[in-house]
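Here chain A shows up in two complexes: once beside chain B, once beside chain C.
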Partner chain A sequence: MNATSSVSSPDEEKLKKHFKVTRFIMEAGVKLGMRSIPIATACTIYHKFFNEICFDDYDPYLVAMSAIYLAGKVEEQHLRTRDIINVCHRYLNPGSEPLEVDSKFWELRDSIVQCELLMLRLLNFRVSFQHPHKFLLHYLLSLKNWMNRHSWDRSPIATASWALLRDSYHSDLCLRYEAQHIAVAVLYFALQCYGVEVPSTDSAENQWWQVFSVDVTKIIINNVISDLIHVYTLDTEIL
Partner chain B sequence: MDKDLVRQSLSYHGPTLLSLLRCEQHEHAGFKQLLGDLSKWPQYRKERNVNNVEIQHFIARKADLLFSLSWKSNTPENADSLEPSQGYSAVMPPLEQFMDVPNEEKKELFFRDVERGDVVIGKISSIRDFGFFVVLLAMGSGILRDITTLEINALCPVRDVPSQSSHGDPLSYYQIGDPIQAAVKDIDRYHEKLTLSLHKSALPTHMSSVKLGVITTDDMPDYYKQSAAMSVSNVNNYEAALRQSLAFSNPSTVESLLGKLGLSESNPPSLIRGLQRENFSDQDFAASLRKKQSSSWALKCVKLGVDYFKVGRHVDAMNEYNKALEIDAQNVEALVARGALYATKGSLNKAIHDFEVALENCPTHRNARKYLCQTLVERGGQLEEEDKLLNAESYYSKALTIDKTFTEAEEALNKLRLCKQKSLGKREKPDEKTNEKKIETSAEKLRKLLKEEKRKRKRRQRSSSSSSSSSDTSCSSDSSSYSNKKHKKKRQKRNSESSSQSKKYTSSAHTHKDSYSPPADTSASFLSHKSDVKTVLEESGRAACRRRASNESARYRSLSSSSLEIVESYGGRSEDSRDSYSSEKTQASTSKTCSEDKCTNSKSSRRVSTDSYFKNTKNRYDSSNQFQGQRYSNRKSESGSAERLSRSKNSRSLPLDLPHIQSTNQLENEKPHNGNTSVSKDLPGNLLNILSQIAEFEKEKGSRQQK
Partner chain C sequence: MGEVLCISVACGACCGGTGRAISASCPGTPSVSEENHTPELTDFSDVPCPVRALPPQWYHTVQVRRIRSLRARSNSDPLQGKNLGQGLQWQRKGLPFGNASSYLNLEKLGEGSYATVYKGISRINGQLVALKVISMKAEEGVPFTAIREASLLKGLKHANVVLLHDIIQTKETLTFVFEYVHTDLSQYMAQHPGGLLPYNVRLFMFQLLRGLAYIHHQHILHRDLKPQNLLISYLGELKLADFGLARAKSIPSQTYSSEVVTLWYRPPDVLLGATDYSADLDIWGAGCIFIEMLQGYPAFSGVTDVFEQLEKIWSVIGTPTEDSWPGVSLLPHYKTEWLTLYESQPFGSIWDRLARVMGAENLAQKMLKGCPRERISAEDALLHKFFSTLPCQIHQLTDVRSIFTVPGLSLKPEMRDLFFSHQKGSHHKPW
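So, the complex of A and B:
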């Protein structure tokens, strides 16, 4: 739980690079019509891979493409390599025509598949993850019933927390924190943003976030939130 | 930006956020508008956590996204419907049960949040004249709260109880302790009093399917059951309960819950500026890229196909077109190209279909339109020829509807209509018309018959000539292999003997056909019938005497024809036992004519003749060899042709088979002799010599046996 490690300049560069590539995964995922869970898996695979290995040894975009392909398999959302190649090629060469289906195309496809095998072996075939998404959605439903209907409807808490959760995959947050903690933190953050208070937080024996996860503490929540905010600062810096 | 949201957030975070917003969002047009209003509400609640400065900075920076109206509109109000959620997502006990919120506060919050139209579930606690009281147990819709322990009483007045029967007190239907599902009709929040109704009209429209009235314990809401179960079991934390639920591990949990919470996966929210859906071009999405790629790939195939087509490799071209359509089923160019290929190949209907699909996909395609019109008119013309005028008309008019300026179709249509009018006019005089038709049809029939006959004849000729040629070669090869004189002699002997033997049968009685039909090897059959030989020879001798006076030319003719018969029968016998009967017959005739010509005698002539014959057939030899190979491969057709062959042979040798009508035969033979001069020319005296040689041999043998 060394959440906020000392941010040195090469580390910051690395974070930026990863942010860029994961944003590429996200964008490709949206264009491929991927659901949130496969995208999250793809990002987790990507982060895990570069946790194990020196960044400069592999082309991050190829790794990202293979991660997307592998995540599609793991999360049972069938993705066609041709679509992945097309979308990624278009991203890397904006405005270009789609690749012709020739030997170059097939070589590219082969390299994705080869890279997928490499990743699988490197990750010891452990590519199935417990994501915070499911927890968050259940939390949201429970909270919704406890809150006043109108204040719930007024503030897009579900949308905001969902967006925050998806965006959290731009960093390796998913590797450093437990899924439930991330879910709680994201929900907490969303409520804070809209200034929404959960009823009877003061009078109740347990805080709502304590209910959802027994071992979560205010410190963890704050760490996750500050890490998340850091992700968004990268966003503005890169743009 | 959503004004209310900003206000809510500002009142929570205090004035620091407002100043931050001012400096971060000063470029945002919507915020500037808001700013004037916002400054009018200086009332902030308590100053809260100090540590959320970071969060405030964040809010300020992302305010345009966080407070955007599009996010708010994402929340639909369909979550209220009571769809069976069991199995798709875990149903959890209410949150306040875990939070241990004091009962007073729960009650207060319940009366704050309950609304008209909500469904409540309770037990009847007492029945009075004016209605009955219900103690609430659970909520059926809206806010699913833990109200079991709150002891909230609600009144359901008589006027809100529907009568169960035509007479009597509606309340008599209910008893104390009955679980009741009812709709909230009225709320007195200040006095904390509820009025219920059992009328459907009290429900909101989207919940009108909910059953009101007495329910069973099975109908209790799932969350209530969970809550009850939890208070019994020792599982008392949220996560454990969540993990216990089977539905939590359902793979479609996320999807189901996203739908309930009004989140969309197709347009996922994000606070990253680079990931805003509006920034993505629709052309960059996988589907459109694939479509583009496929169409260019398909076009490449079509181009290749057109190249093939130009060279004349129609099959290759068709393959390319089909491949193109497999890659991109809607490819207009491929459809038009394939249609054109179909049209040139004569499959007009297929061509029309392709053109039509192409036009559907691209109504402005000029070539597709042009080709379709042309093909339609052509098909119409075909139908017109087939006398299907109505169909033809529909094709013409279709062509015209597609292209009004297509004069060809118009002309054809006009012509057709004229034609139809004429025929309609004719129909008015039915007798004439039917007569005409009859004549026409009979004439047509005749023509058809004639045509058919002609075709048949042609075919027969072809087959007989081919089979005869093959038998010719088999004969020539035979003769060449039997170049040795001795062999030849033996062979001749055998031939003559067997033939003379069979001759007896043919001459004596045709009725016994069956008994001697299939001796494949005549020599063998001869051996078995040895005893008969004597009489056979005698008979043959008698017949020969009778014939001696016959015309010379007739004899010549019969000899030539019968020699031909020998030649043919060799082939026939060696190939198929079925032919043996007919060959025997012909041989019989041969032997008879041979015996007739006893005097002529030249031993070596046969060799010469066969040689010469061989020369004649030599050029045919190669081709017929091939033919023989084919013959073995398909016996069926071969035997058929052999039959036909034997038939033709029979007809030719028939007059010779019947010696007692020799005189008439002679007369008849005169004519074919002139006609068949080519045959006799082809078979000069040499053959005659052979036959006489055979005859002589036979005579010699016969005399020997007589001795």
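So, the complex of A and C:
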């Protein structure tokens, strides 16, 4: 793929590349019928892999395919290599015919399996992750009961925070922050975007987010949000 | 296809090629040729000398650096032009972890759910180990149970959870190196029929619940508790093992595949098709094992059919109603008309030895509640009066300390061992 902008730094190029490949993971994941947790796991595996090793040595799309396959196993939503290959082929070559089941196909399947083994070895079998999803779900349910019902119904806080969380996987946020902190931050950001206020925030001894997570700070929340904004900036630069 | 195919095919050819080159071009050491053998570790122990002479990369087909360095070179030379001096150097430095030649296997212990288990010895420190050899299928890669077991055990360090020492990858197999524990609860009970000594049951049960409290705190369910999966050391330490079916516990909205627990130790809610189980799943299994230890035979045994199993459970705890168990009628396999409507029975009248041990009946009754939400948690069960005769320091131990580090605490000889100790083989002496 060609560089989209000649002015950006090599680091920025890398981020863009990862952005594209993780979007590939998400879209292929949706086409394969994967639930949100396995998709999140696939993205986390992908980021962790490239966090460990040099980017140029491996084809990111092969790594992505293996990450999808491995995530299916980890999260008990088993996928067939064959389906993964077909979906990914279609994604990368829109409008093309399905791949012939020939030696090339088998070689591709073997490389997915080999790459899975490589990833397991590199990540030292640490492929179970705590994702922010369950925390976010819990926070949303608690907050909903606390909030004014009308102001809650008027603004799509749940949808927005869920979308923010999903999009966060375009970068390696999941590696740099704790799951609970990401969950708090996306919720905070969503509330801010829609100008929704949590009742009696001013008079409360503790901020609402301090109730959800004892060790989160305003600085962490701000950092997560600024990283999130950067993800969306990348998005506009790529397209 | 774009870059994906080109590069990945190249990589596939490279990875595959490396393996092929290794097995095809080693005429000097024929017994290591992996093609002619089933991938068992026996191969290595049979031929200690050639194995010892091999540099580590023979078994590291997926090591990152190696693949990189191989790329530009010919695949036909397995040593890739490196001189053997490197291998010698490696030998002098001592044996590394993560290497097949660092372990010798001694005997086959059994076939697990997805692997074969061998007793082995570490050549690094002389410790006995259990080698779980998992064969990988070419089409499917690493079995998911192996991935889950390893990824979960990596994060667990506790005296009552089996310790995963090391992971070794070879071309066709994956080997997990566990600490060696000499027997399991199933064998222990078979050697001591007619029920175990209540004092020992208390120690085993405390350790079982201690292990469960720990893994549940880490948001992990075992999901496959049965006596075979509880290892027992010479000292009487109990360790949870076989996490192949275990998984990270999520929020209750998540549903899991319902085919998980061996029928005898399966709670009624799961038998009725519930998929939103949580830590309470393991508590039921632990309760069944508790009764089995005291009584000498499984609590709800001998059936193969889900409905027979349910009838058997109802005959003890009573057929559930919406009053006794809110929501039971909504479960997928719930029938409005059960064959017999049972009344709940006092456990002591069914399992007589429960009534004879202080607190045992009450604890069993709290663990074997039909309604999963009412089952006692592992953490609370540790504080139950059944354990009140144990020294109180037992509650203050750090995770990795065994309960037998508490002074004065040790397993007592079972009745059978007292009677037959002079006739039996040496392996029973430690009791």
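The rule is short, and it goes like this: the second predicted complex is superposed on the first by the 231 of 239 C-alpha atoms of A that agree within 3 Å, B and C clash if a C-alpha of one lies under 4 Å from a C-alpha of the other, contacts with A are read in each partner's own complex, and residues count from 1 in each chain.
One rule holds in what follows: a contact is a pair of C-beta atoms (placed from the backbone, for glycine too) under 8 Å apart; a residue touches a chain by one contact, two chains touch by 3 or more.
It should be emphasised that the depicted structure is a prediction, and the values quoted were computed from it without experimental measurement.
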{"item": "Which of chain B and chain C A:138 touches, first, second, both or neither", "value": "both"}
{"item": "Partner chain(s) touched by A:118 [first = chain B, second = chain C, both, neither]", "value": "second"}
{"item": "Chain B versus chain C as contact partner of A:101, first or second or both or neither", "value": "first"}
{"item": "Which superposed partner A:148 touches (first chain B, second chain C, both, neither)", "value": "first"}
{"item": "Touching partner for A:204 - first (chain B), second (chain C), both, neither", "value": "first"}
{"item": "Chain C versus chain B, contacts on chain A by residue", "value": "B"}
{"item": "Partner chain in contact with A:76 - chain B first, chain C second, else both or neither", "value": "both"}
{"item": "Partner chain in contact with A:162 - chain B first, chain C second, else both or neither", "value": "first"}
{"item": "Which superposed partner A:32 touches (first chain B, second chain C, both, neither)", "value": "first"}
{"item": "Residues of chain A that lie at the interface with chain B and also at the interface with chain C", "value": "37, 76, 99, 134, 137-138"}
{"item": "Residues of chain A defined as touching chain C within the complex", "value": "1, 37, 53, 57-59, 61-62, 65, 69-70, 73-74, 76, 78, 81, 88-89, 92-93, 96, 99, 104, 107-118, 120-122, 124-128, 130, 134, 137-138"}
{"item": "Residue ranges of chain C touching chain A (in the complex, touch as defined)", "value": "1-5, 7-9, 11-13, 15-16, 62-64, 67-68, 136, 138-142, 144, 147-148, 150-152, 154-155, 167, 169, 219, 247-248, 250-251, 253-254, 256-257"}
{"item": "List of chain B residues in touch with chain A within their complex", "value": "4-5, 8-13, 51-52, 54-55, 57-59, 61-62, 66, 71-72, 74-75, 77, 79, 89-90, 92, 94-96, 98-102, 105, 109, 112-113, 115, 142-145, 223, 237-239, 242, 248, 251, 253-255, 257-258, 260-263, 265-266, 268-275, 277, 280, 284-287, 289-290, 292-293, 296-297, 300"}
{"item": "Residue numbers on chain A that touch chain B, as the complex places them", "value": "23, 26-27, 30-33, 35-37, 76, 82-84, 86-87, 90-91, 97-101, 133-135, 137-138, 140-146, 148-149, 153-156, 158-160, 162-164, 166-167, 170, 180, 189, 192-197, 199-200, 203-208, 211-214, 222, 225-226, 229, 232, 235-236, 238-239"}
